[in-house]
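Letters A, B and C name the chains as they come in the text, with residue numbers starting at 1 for each one.
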């Protein structure tokens, strides 16, 4: 019994982490309508910035948070400005943008490796302690914080996308770009804004992931694949949908592993990704690229 | 001694030429970005290595690697037939992850992360290839023949149809051409040659593991194709030489150990991004990646 | 005639840029012809190894070193390098140069490095690699080129059969696996879980441990693998926890994974006793603190007192993992070179005949190139120190 509870908790932790990544990705996707695959590296860059500030420069943790978030948002925005925006003005197709995005991912992955080395880095903020026991399963305080924060994100984005003006404008653009321009929505500005906001959330993701897991340069690829898969499962054009999809993925992986050898965990998510792309690319919530 | 190093680089160039030219067949002529090309390369490498180690004569192992990769290509096309654009590209990427995962986890067949070591250079028609020089001759001949075949295909009426499909698939359908068969044929050929370049690679490097065939490899091949120019066979050949040689030159710079490896990847990715931004036709391309 | 027709066709089909495709074919054919010529005139006669470059009147002999100098196994690589360098210094040989290749514990890097060392540098012998997987990847190449390769730390049982020219100054895990199984059994444990890294070292050790423990009458309740270097082991540990073992044996040659395992075991509240293979006897585990307390490590010899003193005098620190074995590996080569043994087969024969007291114990190789002696040590981690138990 405690085994199932532990698997569930593991699934929720994984789902929360994937949700942190998927939410920013999906936000950017919904207003720009192309895949910002390099979002994964925004998360990793954030973790390394935090590591540099906190572990290397010894700046107190709470003072390190804001610069990390600010710099992550800036990073995402610069990728938009220097790579995507010029390509978009030349009417580049989504495929080109995707390839450019993967290029950016690989580029910065290797820059991080060149600067910090391939060794795993740890942000030693918290002591290692036995977790809290829930029905025989263990979960640490940090893990609980991550889970609750992701759930909060879900509620937040639901509210944001439906009730705030910016959110509604973003949904308008996602639904029909031309029409939204006609009614006076500055889609270029909002597209850029979504990069800033999405990468800000990548920064948050980076901080949590950096604390909970260890840092290594190639984790960006793993994270974006999982985050993207979660987004596809839930419906890539909807942020709350992406979060739900991320949780489904996390739970599927961890329950699946009860029956399969542990090495197949990633395979589960790859197969799910492939199946959804093939049969239900609009995701479980059925939100297509061009709106609802 | 430098001569041996040059031979080594030339062998790598020949393998990448075949990889790039075969990718260009689908990319340039059907317009669909197959990010799973390196997975097909890996399937070919593993097929050839496993068969040869188990005593199958090289010629059969070699051809089998091509056919098995070709078959996998068919499966991929079949699975992704309804997808377009970036969804298609991502599905092919997903395919390559699945292949990676299978190579890693089906340990009873592939030995998983242990990899396959000691893959010997082939013995053909009673003639054993024992050193790098003869291997270079061998791979050059194979690549030359293969590139020639692909070039003939591309210049043939079939190739013109493929180009037309890239430019306007709907129009082609209206004209009554069976675009589905075209896609299967193009992918089958492309995958076949990706498979045999995998065989060439495995028997040269002598050690393969799942980590050899990752997302970084596809970026490398894609960079070569784009630098050379979409739909330009000649471009892929020239670009392979350039892109393979540049980082090898890095070996001679006194870079600290941890930097040399990532430096190659940094170079490739910068070249790719810059090219997409400013010179998407590459060196010899007549069209852009659309 | 056919060629002319082809060329005419090619001229008609030349692309819009006006470049004639037949030029490429000419270049291509010319390239093949040139290559074939090179092959026949130079390649066919073969390249002899053991190339000794001359600087002035002194002939420099080169010895290769392959190991992880960066990346997560670098603490082993650095440690062995220090042992090797010390051995060179102590040997008094003036005309020997060591060429270092950073192979990051990776098979592909090792293959690339050994090709370079043999073909470009012309080494007479090699110390390496550190990780079993990398050693096994490079071994066929050393064997083919008849270059003696001695590993100071690769313990996979597979290496026993990997070649005539392949030696090691560290005992095979078929012995450490037995040692570990006996240890667990004698402590009264009957339910053992194994957490091992998924590569040659981990798999080899696991197989022996599993067989031996079952033979003794114990039960291996679960065996979980993790990808080398992985730091998220919750899934594996969750399954291990569920199988209620009395003791968990951690087999890892990646300090990062070992540290992560220990931390997550604590977080998950797993109460089993903990054993670790020699890969865990390193600075990272030592520095970990509380989660490592109580861990018992089975280890190969960490070197004689004399070697310890020598090492401390030279480097100011205690020898790290496998430093003594690295010292001994190079010593074998040094002794051969001192006797002017340069011919490839002779060097191999010399190694098989070698017998001396080394830094890690008695050095003598059996007919497979494995070392005879196998002294294992036992340590318990207490308060950031490795406390010797035997």
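As a convention for this text, contacts are C-beta pairs under 8 Å (C-beta built on N, C-alpha and C of every residue); 3 or more make two chains touch, one makes a residue touch a chain.
Only a predicted model underlies this, so the values are computations on that prediction, with no experimental measurement involved.
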Selected pair, greater C-beta contact count between B-C and A-C: B-C
Per Cα centroids, the chain farthest from chain C: A
Mean-CA-position distance for chain C and chain B (Å): 31
CA centroid of chain A to CA centroid of chain C, Å: 38
Residues of chain C touching at least two other chains: 70-71, 198, 227
Of all residues in chain A, the ones touching two or more other chains: 117-118, 261, 263
For chain B, residues that touch 2 or more chains besides their own: 104, 112, 258
Touch list for chain C against partner chain B, complex: 13, 15-17, 19, 21, 24-25, 28-29, 31-32, 35-36, 38-39, 42-44, 46-47, 51, 69-71, 102, 106-108, 110-111, 115-116, 119-122, 133, 136-137, 139-141, 198-200, 203, 227-228
Residues of chain B touching chain C in the complex: 1-5, 8, 10, 104, 112-115, 117-118, 120, 131-134, 136-137, 140-141, 144, 147-148, 151, 155, 205-207, 209, 211-212, 232, 234, 237, 257-258, 284, 286
Contacting residues of chain A [partner chain B, same complex]: 34-35, 83, 86-87, 92-100, 102-104, 106-107, 109-111, 113-114, 117-118, 221, 225, 228, 261, 263-264, 266-267, 270-271, 273-274, 277-278, 281
Chain A contact footprint on chain C (complex, rising order): 70-72, 74, 104, 198, 224-227, 229, 231-232, 234-236, 238-239, 241-242, 256, 260, 263, 266-269, 290-291
Contact set on chain A toward chain C in their complex: 2-3, 6-7, 10, 13, 117-120, 128-131, 133, 138, 140, 213-214, 216, 254, 257-258, 261-263, 265
